[in-house]
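Each of the two complexes below includes chain A, the first together with chain B, the second together with chain C.
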Partner chain A sequence: MSAKRTNAAYSVVEPTTTSKRVAGTLVVLYAIVTMIPLLWIFATGWKSPPDSISYPPKILFEPTAEGHCNLFTTRTRQTDEFIESLGPPRGMCDRITRERNMVIAGESNYFPRFVNSLIIAFGSTFFAVLLGTISAYAFSRFKVPLADDLLFFILSTRMMPPIAVAIPIYLMYREVGLSDTRLGMILLYTAVNVSLAVWLLKGFIDEIPREYEEAAMVDGYTRLQAFWKVVLPQASTGIAATAIFCLIFAWNEYAFAVLLTSGTAQTAPPFIPTIIGEGGMDWPAVGAGTTIFLVPILVFTILLRKHLLRGITFGAVRK
Partner chain B sequence: MARPPRDAHAFPIESIVTDNSILQKGADAVARATPDGVARRVRGLSDRAVAWIFIAPTIILLLAINIFPLIWTIQLSLTNYRANRPNAEVRDVGFRNYERILGNEDIWFSMQTTASFVVLTIAIQTILGFTLAYLIDRKFRGHAFWTTIILIPMMLSPAVVGNFWRFLYQPQIGLFNYVVSFFTGAEPSSFTMLGDVDLAMWAIVIVDTWMWTPYTMLICLAGLRSIPDYIYEAAEVDRASAWRRFWSITLPMALPFVMLAVLFRGIENFKMFDMVNLLTGGGPGSITEVASITLKRQAFEAWRTGYSSAFAIILFVTVFGLGSIYVKALNRVKQR
Partner chain C sequence: MADVSLKGVSKSFRDVAAIRSLDMDIADGEFLVLLGPTGAGKTTTLRLVAGLERADAGSIWIDGRDMTKEPPPARDVTFVFQQYSLYPHMTVYDNIAFPLRSPARRLSEDQVKARVDEVAEMLRIEHKLKNKATALSGGEMQRVAIGRALVRRPAIFLMDEPLSSLDAKLRAELRLELKRIQRELGATILYVTHDQIEAMTMADRIGVLREGALVQIGTPREIYEAPVDAYVAAKLGSPRINLLPRTAFPNVPGPPEAVTIGARTENILFDGAGAASAEGAVDWIEHLGDQNHLHLSVGAHKMVMLAEPDTELAVGDRVHLHLQAPLFFDGDGRRIGA
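For the complex of A and B:
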C-alpha cells in the first residue's frame, strides 16, 4: 500500500498518464478548431481580392498589402491615359491601386471610426471606473441604507435588452442634442459599465483589510486621505482589471452604436460590416480592418487571464 | 499599530507612520493658519457624507440613463407615438399596445424563436463547456496555455466577428462550406447556411457556440477546481467507482457553478442582437427573427415607437421575472 501511495499514478486526485494524454489531445484539437476562423480572418487581410474568393479556398497565397490599402483609402476607376498622365506612383498603395486601373481618391472612414472607438472606449472606461471605485468603496466600508437593494438595482440595469433601452435613449438624445455625439456615447457606455465596475470593485475592495485605513485614520488621516493614500494603491490591480473589462465592453459594443450613431460618432463595429468594394464585400479589406480591430483585445485577454473569471461573472466567482 | 502586515505583499504600515508624521506637521501648520470653521470642515467630512458623495454620482447617472428612459418607455407604451413623426398628434391608447402584442402571432413566433435559440445554445454550450473543463482539469502539460487560446473568441466583438462569419458561410467560396464538403462529399455550393430556412438558425447557433463555449468552460472549470481533494480521497477509501464519483461528487458539487453559467448565458442570449443582426438580420424571411430583432424592426424601421415600447417592457419583465425565479432556484441548490 505504501508503495502505491507514493506512486502518483495511483493517487485518486492525480489523473493517470493515459487520461492526461487523451484529455490533452482533445483540448488541443478543440483549440485548433477554435483558432481557424481567426487565422482565416488574419490571412484574408493579406490576400488579393481574387485570392480571397477563389475556389477551393487558398491556404497558401502570395501576401499583398492590397486589403490594407483598400481599407484606408477610397478609390475611383480611371482610364489608362489618365493614370499614365499622373507620373510615377507615390508609395506602395498608390502602385497597387494603379495596377487595378484605379487611383486613390481620398482617405476612407476607417481611421476616423477607429479613433471614435478609442475616444469613446477610453472615455467611458475612465468615468465608469472613477464612479465605480468611489461607489464600491462606499458600499464596502459604510453602512449604506438599503445597500443590497441599491446594489441589485445597479446590477438589474444590465438585464435590459439594449434595443429596449435604445428607444427612449434615442428620443432623449434627440431632445437634448446628444444624438450621434461622442459625449452621448461616452455617457451611455459609462452607465452600462458602471454596474460591472461597482460589482467587481466592491469585491476587490472587500478583500483589503479595513485595519489599514483605520490605522491611517488613527494617525490623523481623514477618511478621504485614507481612501486616496491607502485604499487606492491596494486596489490598483483590481482597478486595472476592471478598467480592462469596461474597455473591452465599450470597444466591442454594437447594438447601441448601430442604432444611435450614423456619422461623426460612429465606432468601428458598425462601420466594419459596411466596407464594400466594387461588386460586393471587399473581403481582404474587411479582414484587415477586423484584424486591426481585434489585436488590442487579444493583448488585453492575455493580460487579464487571471481575472477573467471574476470579470465575466460580475465578481460572483473568485478563484 | 503593532500589528504586523498579514503577508509579504501587504501594505507596509511603517511607511504610513513616517509619511504621516511629515504630513501631520504640514496639516498642523495649515490648521494653525486657517480659521476654526474652515479647519473643521476640511478635516471633518463625516463618513455618512462621504458615503453619499461617493454613491450619488453613480445613482444619478443610472437614474438619468436607465431609470428615466425606462419610465418614459412605460409612458410611451400607452400611446400611439411614432418617433419619425414628432409633430403628429399623440393619443393615449391605454393598454391597447399590450393587447395587440400578446394577440400577435408574429410576436409569439419571435418569442418561440428566441426561446429555442436560448435553449439550444445553452444546452450545447453547457455540455461542451463542461466536457472541456473536465478535460482541462486533467492538468495535462501545457493546459494553461491551451486554456488561454480557447478563451480568445469570447472576448472579441460579436458584431465584428459575426460579420466575418458571413464570409466563412458563403456558398462556393466560404471556408465553412468547403470544410463540410471535404468531410461529407456534399457539393459546397449545394447549401447556403445563412439563406436556407432549415439551416439559418443552426448557422447562428454554431457561431454562438464557437464564441461562448469558453465562457461556460471557464465557469465550470472554477466549479471543478472548487471541489476539495479530500472528498475524492474519502470516496476512494469507500471504493466508489469512477462513474459513481463523477455522478455523486463532481457533478453535484460543480452544479451551482454550471447553473451560474446558464444564468449569465441565458440573460445574454435572451438579449441577443448583434450577431443575429449581422449574420441573417432575422432572415430568411423571419425564421431567425429573435425578440431583439423584432423590436429593432418595429422601433427603428416601422417606427411604431409606442407599440415597440410596450414590447420592450414585456421583454424586460420576462427576463427579469425568469431571472429572479432562476436565482431563487440557484440559491436553493447552493444551500444544499
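For the complex of A and C:
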C-alpha cells in the first residue's frame, strides 16, 4: 500500500553507455558551436583596434584594456605638446588613451544606457510576471466570462511580429509624450510579455490542486492569504521560468528600442552598435560592451537555474 | 463543538445533479458516517458544509446559525481531503502548524509548538516533524493530514476517506484512535468512507447516500438489521447479504407481496431442527482461518453462508438450510415492513 518514495524522480533503468556517449558528444558539439561567437565577442573586447580587424583573424593576441577604456569614455585628439603639458597619466585608461595621442574628454553614454536597460528590462519583467500571475490565477480558478475567447485574444497579440505595430505605437507614444521615456518602454515590454506570462503561468497554476487553497481557506485563511502562502510557493518554478523568458525578451529587444528611444531612455542594444571610434567601428569597445551586457542576464539565469531546470518543461515533468 | 443541519440542500454541476434536496441533522458530538457508491455525492456534501461549494437551494446551519452564504473561514470546520492534503513546500511541522498560524487564530509560536507536539505524539509522527511533506509514505501523509485537522479543535470535522490509503493494521489502529479522540473532545464528525468496518465501528449513525439523495439514516444496527431497501441491505455486511428470488424458498413463511428474500450469511443455519427452508449443494469453501465461507447452489441460485473453521463439509455435500429472520423486499426493492 504505502509505496516508498524517493525525492528524486530518476528512472531506475540507466541509459546504456553507448547512448550516454553519443548524447554527451552531441551536447559538447552543440555547446562549442553556440559558444564560439560568444568567445569571439569576448576576445574582441580585449584586442587592440588593429588586431580586431586584422586578416586573417588573430586567435592569439596581446590583450589590452583599450576596448573597455573606449567603451566608457569619450576622447579627443590632442597635440603632443598639449598631452605632455598634462603631467603623468592618471590611471591605466588615461595612459592607453595618451599612447594614441588622445585625452579622455568625459564619460561615454554606455553606463547610462546600461542602467536604462536594467530598469526597463527588470521593470517590465516584474510587471509582466505580476499581471501574468494574477490573471493566470483568475483564469485557472474562477469562472471568467468568455475565458477561452479572452485567452485567445491575449495570445493573438503575439501572432504578428512586434515591429508590425511599431509605427502606430511610435505615433501614439509621440502624441502622449511617452516616446523616449523609460515608463513608455516598460509599458510596451510589459504589454508584449504579459500574454506569454499569462499562458505559461496558467499551465503551471492549473497543475496546482485546488484542494491546497481550499484547505487553507477552511483553516481560516482568506483567498488572498491562501494564494500568497500556498499557491505562490508552488508556482515558484513557473514564475521563475516565465520571468527568465520575459527578461530575455526585454533585455535583448532591438526593434522597438531603436524606433522609440534615442536619448534619455535609450537601452543598450541600440546603443552598442553606434560606438564609433576613429576611422569606423570601434570593435573592441563593441565587444567589451556586448560582453558586459550579457552579465546581468547570465547572473539572473544562474540564480534561478534551480527553478528553471524544472520549469522549462512547462509543468510537464514536475516534482 | 456544534451541530449541523442541512435543509433541502441541492447542488448541481451543470447538468449533473450531485445532491438532490438533502435533509440531514448531525447532533453536537455525533459521529456521522456517510456511505455510498462512487459519485453518490459524499464529497460534495462535505464541501457544501465546509462552504467550498455554494448550495443551489436549501440552507446549511451550523451551531444554530445560518451559514449557507458564509465563506469557509467563518464556519470553523476542518476538512481532511480525499487526496492532496499536504503542502509539499512545507515541512511536516509547518503543515500541522499551518491552521494554527492562520490570521483567524493568533497563537504564539510556543502555543503552536505545544499543540503540534501533542498531536504528533498522538499520531506517532514525532520523529517525522522535520521531514519535507513529500518525504513521507502514503500512510504517514494521511496521519499528518489527520493531525492537521485535530490540531485546530474546530466545531466540526469533515473527513473524506481519511484512512483509505493506510494498510489494514494502521487503519485498525487509527480507527480506534480517532473514535477515542472524538469521544474525548466530544467532536462532531462528518465522515465519508467506503469501508463498512469503519462505518459500523465508528459511527453513531450512518447515512446512506445514492445519486445525491439520502436513502436511509440511522444507527449502524438499524441500518444493518432494518434496511429500507435491498440497496442499503447490500451496503453493509461482509460477505454481502444473499438476495434471492422469493421462489427459491417456497417453505419460508412471509408476506405475499415479497419478490426478493434477503438472508445475511450469519442468519443461515444448516442441518438444524425443524423443516428445512431449502436444500443446497456446496460449490466451494473459502478458508479464512477464523471462519469459513461456504458457497452454495440453491437450485439455480448462488449464495454464501458462514461455517465453523473446523467444518467437516466438503465440496459436493448437500446441506439443509434454515433461514432465520429473513428480510423481504417488494418488486421495487423496498423492504416490506420498513
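Descriptive notes on the structure:
We take it that the second predicted complex is superposed on the first by the 262 of 319 C-alpha atoms of A that agree within 3 Å, B and C clash if a C-alpha of one lies under 4 Å from a C-alpha of the other, contacts with A are read in each partner's own complex, and residues count from 1 in each chain.
What we mean here is this: a residue touches a chain if its C-beta (ideal position, glycine included) is under 8 Å from a C-beta of that chain, and two chains touch if they have at least 3 such contacts.
For clarity, every value in this text was computed on a predicted model and none was experimentally measured.
When the shared chain is aligned, no partner comes close enough to touch A:N109: not chain B, not chain C.
Once chain A of one complex is fitted onto chain A of the other, the partner contacts of A:Q78 are absent, as it touches neither chain B nor chain C.
By the document's definition of touching, both partners, chain B and chain C, reach A:P209.
Of the two partner chains placed by superposition, chain B and chain C are both touched by A:V230.
Judged by the touch definition given at the top, the superposed model places A:M217 against chain C, while chain B stays out of reach. Between chain B and chain C, more residues of chain A are touched by B.
Touching of chain A by both chain B and chain C, each in its own complex, is seen for residues 209, 211-212, 215-216, 218-222, 230, 233-234, 319. Of all the residues in chain A, the ones that touch chain C in their complex are 1-5, 7, 209, 211-212, 214-222, 225, 230, 233-234, 319. Partner chain A is touched in their complex by these residues of chain B: 1, 3, 6, 10-11, 13, 16-17, 19-20, 23-24, 27, 42-45, 47-48, 50-55, 57-59, 61-62, 64-70, 72-73, 76, 83, 132, 135-136, 138-143, 146-161, 163-168, 170, 172-175, 178, 188, 210, 214-215, 218-219, 222, 225, 229, 232-233, 235-236, 257, 260, 264, 267, 270-271, 273-274, 277-278, 291-292, 295-296, 299-300, 305, 308-309, 312-313, 315-316, 319-320, 323. Chain A makes touch with chain B in their complex at residues 12-13, 15, 19-21, 23-24, 26-28, 30-31, 34-38, 40-41, 44, 53-57, 131-132, 134-135, 137-139, 141-142, 144, 150, 153-154, 156-157, 159-172, 174, 187-188, 190-191, 194-195, 198, 209, 211-212, 215-216, 218-224, 227, 229-230, 233-234, 248, 251-255, 258-259, 268-270, 272-273, 281, 283, 286-287, 290, 293-294, 297-298, 300-302, 305, 308-309, 312-313, 316-317, 319. Note for the complex: chain C touches chain A at residues 50-52, 71-73, 75, 77-79, 81, 83-85, 87-89, 98-99, 102-105, 132, 134-140, 148, 152, 165-167.
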